[in-house]
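By letter and in written order, the chains are A, B and C; residue numbering begins at 1 in each of them.
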């Protein structure tokens, strides 16, 4: 009898336990289950906001060195990565017939010089002739007036003098012409020389060669670069910031630069310039950030992450950003009062780097708000406050 | 009116026409209350058929049966007197089988109490009644046990208690001692005799067990569907 | 009267409970299957709810952005903002990709969103929202990422700053939220080899690389890498306007397709998961039939094992009703044990499923009713067998 009684008791207990487990499961995982949440009080804290954007390393000054006229590249003197000084020969264009033309103009100029010399000699000769003729004419006029010679002889001598004078004038004019010819040919020669020297592509400033776009033998058009240079000391970063996350951006703001090539290293810098022109397509603002000390071996076009720290607010009332919810089209927080959640609309201000958001209006210090929740909250949600919702 | 069992002209024919077999032919029996009678015969003699007719399990072809002073069957008056044979069996006939055939999922008390409960009596008085019977049969100490925990003799005694549970005027015992050794078989017979006199029940024991035949005072031999009454040795076994 | 069925169960409780547990596991599988379907529907619903939109504006003649691919210009939203009834409009991109985490990669949906606009995850379970405009991510906990870990998406590493949950695609893939601009880049960014090959291809094209036009090639190359497309614009309707009227205006004047929440649900639930739903429905039907067959066989076998007892019971005057009741009660008891075990096991193993399994209480109640009806029907076979037992077999041989 005892045995039977015991077994019945055990079985009934087992059945009760089974049903209890069922009820427990229904209560814990069914619609009756309460939602686990974490909470945090609204507290005063110093909020240090941050701005974050992507930067690309650019050169402040870069030079495209190429010929002024179309031509063929004859020789490139430098290679990519070379450091060059101002005036250093970078490349030379093929002069084609320019040297021959230069020789021809030089010869012509020399010949013109000879012509000037000849003209000068002729002038000197004509002067001498004119003086002899003038002296002869004067003497024969005296002799004629005194009647020693016939008037025809006198006239003959006068005519000789006039002729010598005219020859002088002609020699004078020939000399001036020869001189002008000489000047012309000289200018021509200088022009050819200038043209010749233009075929030598020289570095306009100190810098580093970044590209060698044409090789000897290739033809380039006027304006096309043969060699690209950047001024090595002028590297900075072109920073793109989301327009809606750019409040507080100003020149001089300290920046933390992390280059993609060295993710562990934070380089200091400053906002050097803010472009007036934003990018309306990508909705970004553009600013230039300069390194405090430019790092070595940085490559142009390298991506970087730039964090700016605009001035923050001291002792502001703040809640964790995850507490802010959109409910019925309004931004607010779920306030926990006597274990029940209630939605309160709030006005937010600055966001801190730690994710806390300043509450300008709507909460008072010490109000407890729901931060994390397992699902969307509603006014009739049954909640259970826990310290963390995830294992980690 | 006749108390006990009274059978007149009971016949049973299986089948029709040429294949018909007459299992019982004009059987007459009369057993008084408190009497234990043996029904002895070889296999196929018709003794099981007689038992089934008496047990209201199969319908006889002809004749008349009276149990405890009430006619339960009369072929001249349209057969069974009541259509509810189960109630008849439940209330008026006790069965004891070759094996105890206890309901394995009921404990000893409930095996006995089941009958009064089936008859519509409340649980508590049914169990009281069962305990009384178990007491009388000396198995009250196993009242809470499961049938499987009982010895063969104890089981048979519980089945006797069950047969007595509704105080039927008649108990039909079908080879109740077959699986038992002679000592136990005699013990069963002793109990049956004791119960018959104590509760004034008429008991028919169908058997071909030579060990117990000498205990009957009266024996019906059945052969080819006919019964012959003779006196038994009536050996004292008390 | 005592309960014969109860006594029988108590007597052979071991067999009964084992059978019940076996049946329960089968019922648990059935419940889970229903849960898988509910989970799929729920995945689709939370996807819509979490995007926080009233109207989805997508490419014309597509059913994007979830069911089909859709691509529209990212300045479309400005035009939409100017329309009456539109309170908020925000670009959003969806990109399904494999994301590596440790040694394994898992399928995730990368969502590009604009902070503070529709499409942002509504709640977090840990961490904070995005503060920087780039390279920060909010991940669903199912991705396995933890706060502070880095997710590599295409070329960039994103730091996980926040965790959320139940943010899944319609296919059940967990989501990773990253800033829109990064997502736009990630979506259309090719790998480096492809970019270099493309550049070479462009450079080899004489029409695009003319000797006399310096800078043309650079301009062409640059224009090839810029992407100004998004997959959809999420629109929130202002108070006082219905989504349908605003959507109609957008369809009419902007030459774009606009779906309201109801239409999106129709697309996601009726079209996207229709085949899966039918598949699961078939499976459910088969499981129900199998369960019914098992209950029927078990009860039938149990009854056949009790034929002699039933004959004795009948002989000593037990009514058919009582016997039938006993078998029926046993079948129902078996069903009840099975249901409880099934419900518990389904609840236990449901969270282990890779995709969301939603066990609804209404489904459980429905299942209980079905189990009981099925058990009752299944017991009729055994009841018929029991009623056919001849009480005469208890007598003689």
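Note that in this section a residue touches a chain if its C-beta (ideal position, glycine included) is under 8 Å from a C-beta of that chain, and two chains touch if they have at least 3 such contacts.
Computed from a predicted model, the values in this text were never measured in an experiment.
Enquirer: If every chain is reduced to the average of its C-alpha atoms, which one ends up farthest from subunit C?
Expert: Most remote chain from subunit C, centroid-wise, comes out as B.
Enquirer: If I rank A-C and B-C by number of C-beta contact pairs, which comes first?
Expert: Of A-C and B-C, more C-beta pairs in contact link A-C.
Enquirer: Between subunit A and subunit B, what distance separates the C-alpha centroids? Give it in angstrom.
Expert: 118
Enquirer: Mind checking the centre-to-centre distance between subunit A and subunit C? Centres are C-alpha means, answer in whole Å.
Expert: Their C-alpha centroids are separated by 51 Å.
Enquirer: Between subunit B and subunit C, what is the gap in Å from one C-alpha centre to the other?
Expert: Measuring from centre to centre gives 69 Å for this pair.
Enquirer: By the touch rule stated above, which residues of subunit C touch at least two different other chains?
Expert: Answer for subunit C, listing residues that touch two or more other chains: 10.
Enquirer: Among the residues of subunit B, pick out those that touch two or more other chains and give their numbers.
Expert: Only 146 qualify.
Enquirer: Which of the residues in subunit C end up touching subunit A in this complex?
Expert: Interface residues on subunit C, with respect to subunit A: 10, 13, 49, 52, 75, 87, 120, 122-129, 131-135, 141, 146-147, 161-163, 165-166, 181, 211-212, 214, 228, 236, 238-239, 340-341, 343-344, 347-348, 350, 359, 361, 364.
Enquirer: For the complex, which residues does subunit C have touching subunit B?
Expert: 1-2, 4, 7-8, 10-12, 308-309, 312-319, 322, 390-392, 394-397
Enquirer: Where on subunit A is subunit C touching in the complex?
Expert: 7-8, 11, 18-19, 21-22, 25-26, 29-31, 50, 52-54, 219, 221, 223-225, 241-242, 245, 281-282, 305, 307, 320-322, 324-326, 329, 351, 353-355, 371-377, 388-390, 392
Enquirer: Please output the residues of subunit B touching subunit C within their complex, sorted ascending.
Expert: 48, 51-52, 55, 57-58, 86-91, 95, 97-98, 101, 103-106, 110, 113-115, 117-119, 123, 146, 162, 172, 174
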